[in-house]
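Paired with chain B in one complex and with chain C in the other, chain A is shared by the two complexes that follow.
On to the complex of A and B.
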């Protein structure tokens, strides 16, 4: 009673949030698990069917195509979205003129603010064979024939990887820059006293000191792998679909377009399990918890 | 900083020049597409369809904007987006700060359970429960309503923790002494904490504003009535799906580009503030993961 009097208002403040999470986070989770074991129809009864949905998904070659695409595209994004911002952050850090550094940071960050519809729309146009800027440069400057980048299966995955890197590098770069700024300046002083060159300072001081930031960035990027959806949804077309349709796309098609909610839920749970497994592996491998 | 490079030899100078050029090249990959889009949006329909390198409007005209606004009725999805963004952001900030405030009381009974409850939701990606979320929205008769979009991501563990870390910077003794003076919890929250953590509030508002304006997965799932389309979905239909077959209306390039420009104006308008607050927020957020 005393507790209620002292803290009652706080529980009232917390109540809407708890209610929200119950209805829109926990309940769907349980409901999804239940659905994955049901022959879920919109009308009529919904008999339990054991692991049928799961085995259906596992025997669906489209699912495995999606899995491969997710791992290839996600792995590529993971690698490039880690390396590119790191290089840029190091490069920015070497810029001596503050105004140039500020402008560069400001411009590089912009694509992160835009939606995939806008970024995708812009690049679909830039890469289009009939009047896109990239092809116009190829034609007018290099005298080549126009090339339809987005309708070529061998380019498709690369385009997904490179565009995602292009969009997010300015954002991730900030995390690295913040890590660099917080490095103890006396380390550089000591290095210089020992006659270290700029290059040596970068290799021997900056990079090792960035270890923790790298772990955070790597973990954040890993979590993103299985969530790739907007980009593919916007940039895909029938010609390249088999090369770029990721797991989320598979779930979406199964669940929303084909209205097969049972198998779609089963697929969702595979994704969820994979996410948790990946997180654990990355945490273990990078010794994240020892940060 | 300056004494760091006191021995500026030719090697250093060459490096600095190459480094600056490298960054310039990267910036150009962002600037040139943008200039191209802007220039095309102000070109006439015919001129915008001709194959050419366009970095300045050809046959200057604003017809792209008038077509996208009047004939394609882009104001409707725009209004839907404004409604969802404004209401959603306001509610999100309110609920997240309420919860964030609760978590600054270290001796609150049940605090640990509630915190775990919130943290678990952060481990489950929205995408993984997309299908059951669709079912929940269907059961609540929310499919094809803007309410479904407002409710999507209405609170997030991320924002709660972010607000909490801003509130923790407000001296705890202030709340204690106010309480001794007989002020209630709600009053302390509203008059002291919300005011003193204004920077934190701005951060969450901006994050949420940008996120909701760009929200795409939720409207794709929950909305199929074109009257309820948000700007992003309408844009996708207009600039991407019509690429090969233009349907009844011939959508020229300048119209598509005008649509893109209209959709990014609000983002560019808040960008200066984003610069100011995002960095702090990103860093606080990242350190919490």
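On to the complex of A and C.
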């Protein structure tokens, strides 16, 4: 009671946040778990069927195809969207002209602000085989025949990986730059006094000092790899679907298009469990607790 | 914790009730302020006459409320939608709330139903979804209502045979049509044909020659090689061409066995034909990624000479270009599909658009009354021309479209209807009648069996690869067939 009196105002302030999570996160989660054990009909009785939905999903070859696609595309995005912004952040850090640095950051950051619907539309247009900029360069500069990037299964996964990297590069780059700025300048001064070159300063001072930021970025990216959806939804078409349909797309198709909500819920719980497992592994491997 | 939850639930429920109450009252007032006139009296008379044999539809409309979720019916803007609700109130006395999501309609329907939201009428347009909803216990049995209704059971209002489309496996009627649904076919630039002295194509070779000429002979006369012969946006739209090999899209039952003609050897030469068009630059190379909007734009902006699309759009294309430039030479015309070896033309008739009354509807009586009204003259006028004094004005028996009405192409959810007793006041848009004649003569519904959603992914994947030349047609058909067999989606 004393505690309540003392911190009452704080509890009141927390209430909306707790209510938000209860209503919009935990209630749907529990409801979804319940649905995954039911023969869920839109109306009428909804009998419990044990693990049948989970078993159906595990015996569905489409689920495993989606799993492979998710791991390949998600893994690719994880690696590229970690490495590319790091390289750019380190490069921008070497730029002395502030105006150039700011403009470069702004240009890099803009795609992050746009939704996938907009970004997808832009790239569908840019990659168009007849009037797209990419193909015009290929034809007029490199004298190659036009290529239908978005209809070729061999390019499909690369397109997903590279576009996701391009879109989120600016945001991650800013996180890295913030990390670089916070490095103690005396470390560089000491390194210079010891005769370290720029490259040695980068390898021996900047990167090790950036370790904690890198761990956070890597963990945040890991949380998202199994949940890729918007990009695939916007950019997919029937000719590349087998190469890009990911787990969330499988869930969407089962639940929304096929109206099989039980198996869809079961599949989404697999995604949840896998994300949890993956996060725990990354935390352990990166020793995240030491950040 | 229990108390907290209880309090929160009470607040949420109370909040919702307050908001709902406010919303209804506003609309009620708007509707009440709308003057009634002779037409509304006629409408009421028509409706009540139509439902004379039906108890529910005869209920007084004064206190009736109706919550509708639909994709096509209503105003073109939120403002016009509000006016549409008021017009329903004026014509029927029913206080209707019309929810028309701007996008992702199917998801909205599913979310609404699975979360227990209560609508009195929901508009759908897919027979596969109807079958699923039957299995999921969503639908109200409307057999008694339809058979006893003097409006809906009248074969001049809706031909008796048409009801077969909306029956469940036990023969019960579970939905009511919202409009007459047409079909798809090749649509050509007739002015380009004339300009290049070409005849309307009949055979596959004729089509090839026409499409090639559209590509190579600068039909738009701008001196640039910037036109395509053909564009399309989905596999079902190429039915008019596949007809030449006697191939029907989706399932065809053969001696009691499930077959998919697009996955048979007979389809190989057809895929090769399309691949040839793509290779020679005659076909729009974006056809794999096109949506229908992009395809339409290509046609309307003189970039392509032929598309595969709905009969109603023949008129819409012509009307849109005429609205833009009254002196335009643009002329879209429907073409028949190519006859097969047996002389038969196979075209696609679209799944019907229809209304359902969900099992949890709060006002089924109002819904039934509205369904009857929808098939009477005032209902059809509202669904086609739109709202009086907004989309059109009426003086005696003469109708006059406003600028907004002209813009809306006489389509507020019902561009065409079944009721033979109701004539279109402005006739049909140019080219539509000929297109509909083709549909009536040759278009049939596609057969969608359980598992089609999975089968379609496989069919589209390989067919589009073969058509775009990414994969040899024979190899694509073999792989398609093998995969369908291995997943038990076809029997032979």
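In the analysis below, the second predicted complex is superposed on the first by the 271 of 291 C-alpha atoms of A that agree within 3 Å, B and C clash if a C-alpha of one lies under 4 Å from a C-alpha of the other, contacts with A are read in each partner's own complex, and residues count from 1 in each chain.
Simple rule for what comes next: a residue touches a chain if its C-beta (ideal position, glycine included) is under 8 Å from a C-beta of that chain, and two chains touch if they have at least 3 such contacts.
All figures in this text were calculated on a predicted structure; none of them were measured in a lab.
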Here chain A is shared; do chain B and chain C fit on it together or clash?
clash
So, A:216: does it touch chain B (first), chain C (second), both, or neither?
first
Now for A:175: first (chain B), second (chain C), both, or neither, which partner does it touch?
first
Please indicate which partner A:239 is in contact with in the superposed arrangement: first for chain B, second for chain C, both, or neither.
second
In the overlay, answer first, second, both or neither for which of chain B and chain C A:192 touches.
first
With the two structures laid over each other on chain A, which partner does A:65 touch: chain B (first), chain C (second), both, or neither?
neither
Give the label of whichever partner, chain B or chain C, reaches more residues of chain A.
B
After lining up the shared chain so the two structures overlap, which partner does A:44 touch, if you call chain B first and chain C second: first, second, both or neither?
second
With the two structures laid over each other on chain A, which partner does A:148 touch: chain B (first), chain C (second), both, or neither?
second
Figure out whether A:133 sits in contact with chain B (first) or chain C (second), or with both, or with neither.
first
Touch check for A:258: first (chain B), second (chain C), both, or neither?
second
Once both complexes are aligned on A, which of 110-118, 272-280, 326-334 or 344-352 in chain C overlaps with chain B?
110-118
Chain A residues touched by both chain B and chain C?
23, 124, 128, 130, 255-256, 261
Could you pull out which chain A residues touch chain B in their complex?
3, 7, 9-11, 13-14, 16-18, 20-21, 23-29, 31-32, 35, 88, 91-92, 94-96, 100, 103-104, 106-111, 113-118, 120-126, 128, 130-131, 133, 135-137, 139-140, 166, 171, 174-175, 178, 188, 192, 198, 216, 219-220, 223, 226-227, 229-230, 233-234, 248, 251-252, 255-256, 261, 264-265, 268-269, 271-272, 275-276, 279
State the interface residues of chain B toward chain A in the complex, per the touch definition above.
1-2, 4-5, 12, 15-16, 19-20, 22-23, 26-27, 29-34, 36-37, 49-54, 95-96, 98-99, 101-102, 105, 108-110, 114, 117-118, 121, 123-125, 127-136, 151-152, 154-155, 160, 184-186, 189, 210, 213-214, 216-217, 220-221, 232-233, 235-236, 239-240, 243, 253, 256-257, 260, 263-264, 267, 271, 274-275, 279, 282-283, 286-287, 289
If we count contacts the way the header does, which residues on chain C are in touch with chain A in the complex?
8, 106-107, 110, 113-114, 129, 132-133, 135-138, 235, 284-286, 288-289, 358-360, 453-454, 457, 460-461, 464-465, 468, 470, 487
Chain A residues touching chain C in their complex are 19, 23, 40-44, 61-62, 124, 128-130, 146, 148, 150-153, 237-239, 241-242, 253, 255-259, 261
